[in-house]
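Multiple structures are listed underneath, in structure tokens.
Common to both upcoming complexes is subunit A, partnered first by subunit B, then by subunit C.
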Partner chain A sequence: MSAITTSLAEYRHQLKSNRWGLWLFFLSEAFMFGGLLTSRFYLWGDTRPPLDQNLGFIVTVVLLLSSFFMNRAETAIAHDDRKNFQLNLIITAVLGIAFLVGVVGFEWQGEVRPTDGAYGAVLYGMTGMHALHVLSGLIFIMIVFFNGRKGHYSAERHWGVEACAVWWHYVDLVWVFFYPALYLMGTVIHP
Partner chain B sequence: MTQQEKKAAAFRQGIIVLIVLAALTAGEFFVARSLNGPVAILFIFAIFKAAPIMQYFMHISSLWSEEEGH
Partner chain C sequence: MKTFFSLGLIRGIVSQLIVTAIGMGITVAVRVAMGLPAWKAEPAAVVGALLGAIGFMFGVGALTDWLKWMKGEETPMRHGPPKDKPAWTRYFTVDYNHKIIGVQYTVTGIALIGIAGSLAMIFRLELSAPGLQFLTADTYNTFMSAHGIVMIGGILLGVAGAMNYLVPLMIGASDMAFPRLNAFGFWVTVPAALLIVSGMVFGGWDTGWTGYPPLSARAPLGIQLFFLGVYFIGLSSILGALNLLVTVARMRAPGMTLFRMPIFVWASVATSLIALTATQLIALSFLMVLVQRLLGMGFFDPNLTPEAVAMGAPPGNPLLFQHLFWFYSHPAVYVFILPGLGIISELLPVFARKPLFGYKWIAMSSLTIALVGFLVWAHHMFTAGMEEYLRLPFSYTTLLVAVPTGVKFFSWVATLWKGRISLETPMLFVLGAISVFLIGGLTGPPNGTVTTDLQLHDTYWIVGHFHATMFGGFVFPFFAAIYYWYPKVTGRMFSETLGKLHFWLMTPSFWVMSLVQQQIGLMGMRRRIADYDPALGIQAQQVAITIAGYIIFASVLVMIYNLVYSYRHGKIAVANPWNSRSPEFQIPSPIPEHSYEQPFLVTGEPYDYGLEGSVYISIKPDIANAPVAAK
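Now for the complex of A and B:
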């Protein structure tokens, strides 16, 4: 039975399971991201490679802003405001692309190379895995955007939007811990 | 409260969360610059940033609440 034909009561009951399923998936992902974070402290200790702290700050602000606009998109559809929903979703995607450009286009062209031993391995492992999740979030946003244009979501039924928004915030949440670990903690060492 | 007022209140809450996150991000940046990257203090900043994201953006409390969602 499709989500369209189920009653609102059934839909709401299913929603609870959907949310738990998504959060259990986050938990499994947290083990991977936690492993990467642990490897940073094990291999780098109280040092860090010479990354551009200003660039790190800018991409972090960009990702936080994208989370803010994603929250606005979700709030808009929860109140049947389709125009604001579409607009905020597009702004989120643009900011997500800007974040990717900042990390992959600029940081990866910096002084540290993937072949620079533990520094290169950890830096590219952490930023690469995170960037992959940002990319998947962008694809998710595009799917939700086009489904929204077809009128698939309403104030009562928009689990797709909620899942996309929570996924995007999760990616932001991971960066909240990765950013200081990569850019701020410890003293600079030139590998 | 009308639907319009509820939406305005939700948007306002998002702005407040953004301001808190921006202030904490700026704070950790300046602490790292001036104190040479103290790990424990920066972790505390990260936890204080993670909490509002999980509560207000990711709606973690909706997992336990009896309130019917969307």
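Now for the complex of A and C:
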């Protein structure tokens, strides 16, 4: 993106403003995710629902790995290495899709249903809101991928790639907080 | 006619209607595919409304440039005025100039305030006698709820209008940092307002603007449209705040250090910090009720299904909603009043011809109010059954707000002290604001103290207190700002006589309304209800409130007439009618398309009125020879 016709000096001035804007948006979103976390602790207390531990661990590893490849993609375009840039973007997207399949395709088919009291509400609320953000990241990656294939980014001008990468890392970071809150903290009650 | 259909607004509305219908169709199709009965009003309405609002944004053209970027096409950095179209069409179409957007926000804000005020006129008439006269209880509830939320929307738009128009001019920026985001932020409020108003038609809702579950979980369909409307207005608020913070951080003129910014800019920054962050929580809380109704996710539902019991799942809790909701909705009132208080501090020195007393203290007090505002939310819940140990801490933090607010009052009084005061219309409204905000301020601490609040909660006392803070903190300063900057925006002077008439009709009426509301609250009148016991003996007071309310409404009509009439027939305004030092008054009226020909240079303090030889800015600076520190 950032397909605005400008001189390099103007581009760099706007780039700094863009970074400010993106990080302020992260701050804003942090309050929303914080609200969801608060709801989890308010309603679940020191208990948690019976969830598939293996599944939770696997999707977490997959998502964290995807951040590594996203970082490789951004570094590659910063060195004008288009081949590796495109390749790493694809790997990131595949891992992202694998995460979504794990959450929506498997976790959501498990024992806990959305209507199961606070367990269902909070579990589906948190994973659903996070999955929406992962989806937005995947769309973002797709746009960057196709623009990259048209040769739109360079070592000097790749704000679109940077924004996409930082957004992806942010969504990962949120999961780093969500995963323990959903899967690890508290004890499972067996009535 | 062709021009009419090429207006972004019209295309947006048509597109919203079409996409809403498509969204409803998709819902029906999905339900049929899932083997459910084809038609259920609520899912169809929610999906339709959600997609319809997005459809509006496509239709109006607020997404055009971004879509081009996604396809890898380039667009110019600045678009400038549209070619071969009349100038007035800019206001009804997506335009990226912050001054146009500022006017769009302000006019839409006034329109919403007008709608909400009209609703109040209707139910105030109903309340002038006990029993039900001409409204049903449900209609009353819907009108009362809509009055609240439409006012809040209108105030948010008014705040955004003032900030959008003024802040770039005051700091010497060519525009906001993200012009497209700015236009998006305005236009998304239009489908939002349409959703809220259509919510009144499609079922209405009876929860007040607060939408507490469990009542909101079983309210009529209108509440879903209300939730979605608030959601989009909140989005606008967040994006506008983000834009403003980046603009102030990145685009100040050379020499404009933080403590040389006009005080309104400080107030806008404080407001934006709240709007950027806390707004997420009202959006989240409303979204949670929305999905509870739609998908049965029982965040706030204390009842459990047998399966949930078998799993050992804990129940939902309605108190959680109140915590999330008030985490925004208390700071929200600071979003409304901080810019207003900034306008008071901005205008007082101009009309008292004296420096603003304690500039840095005022700047910091705005930030302090914003930050302390994050720690007070549970004072709305003293009677809600919340954990008792939370009462005292929240009582203390609430009373703490009075300290920075007091700083502002003392600064205003000290600024007026021995000033050469002139009483033009803007100044009258500033003084009116101070008097009314004093009423609102002094009636606040009794609500923050637990012991007294247990008595005052949910009475008309709260109505009196709240309306005094809103009028003193927003409405009066907003009107002052409209009169003050009207010549800069339109290039014409308003009628001073009508302006003064507006003031002298509105101010005494408001005093009467507010004080009498508080009095009948103490006598036992409950807030929000359609009926009251004749034995309370408060009918005379109810009539007085109603009459005062109608006079206020009429006075606002006087203002609107004045503004519209003067736009064509007013005296041509000079560049600086109030002899202000502020940068925007140093350039011609109305302000040219690209406000400043070149960045100005800040060399002095903003409010040194009456000090000889003091300079704030030089508009045509000799940058090459400027002192190094000023660069």
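In the analysis below, the second predicted complex is superposed on the first by the 185 of 191 C-alpha atoms of A that agree within 3 Å, B and C clash if a C-alpha of one lies under 4 Å from a C-alpha of the other, contacts with A are read in each partner's own complex, and residues count from 1 in each chain.
Following the convention adopted for this analysis, a contact is a pair of C-beta atoms (placed from the backbone, for glycine too) under 8 Å apart; a residue touches a chain by one contact, two chains touch by 3 or more.
Treat the numbers as computed from the prediction; the structure is a model and nothing was measured.
Once the two complexes are laid over each other on the shared chain, residue contacts for A:15 go to subunit B alone; subunit C is not touched. In the overlay built on the shared chain, the residue A:71 is in contact with subunit B alone; subunit C does not reach it.
Contact with subunit C, but none with subunit B, is seen for A:38 once the two complexes are overlaid on the shared chain. Look at A:50: by the touch rule set out above, it reaches subunit C but stays clear of subunit B. Subunit A has more of its residues touched by C than by the other of subunit B and subunit C. Of the two partner chains, subunit B is the only one touched by A:185; subunit C is not. In the superposition on chain A, contact of A:82 is made with neither subunit B nor subunit C. By the touch criterion defined above, A:25 lies against subunit C but remains apart from subunit B after alignment on the C-alpha atoms of chain A.
Shared interface residues of subunit A, touching subunit B in one complex and subunit C in the other, are 16, 20. Remark: subunit A residues 1-6, 10, 13-14, 16-17, 20-21, 24-25, 27-32, 35-36, 38-39, 42-45, 47, 49-50, 111-122, 124-125, 143, 146-147, 150, 152, 160, 189-191 touch subunit C in the complex.
Interface of subunit B with subunit A (complex): residues 3-4, 6-7, 10-11, 14-15, 17-18, 21-22, 25, 28-29, 32-33, 36-39, 42-43, 45-46, 49-50, 53-54, 56-60, 62-63, 68-70. Listing the residues of subunit C that touch subunit A in their complex gives 66, 68-70, 72-77, 177-178, 181, 238, 242-243, 245-246, 249-251, 276-281, 283-285, 288, 291-292, 295-299, 301, 304-305, 307-317, 320, 323-324, 327.
Across the interface of their complex, subunit B is touched by residues 12, 15-16, 19-20, 23, 46, 48, 53, 57, 60-61, 64-65, 67-68, 70-72, 75-76, 78-79, 81, 155-159, 162, 165-166, 169-170, 172-173, 176-177, 180, 183-187 of subunit A.
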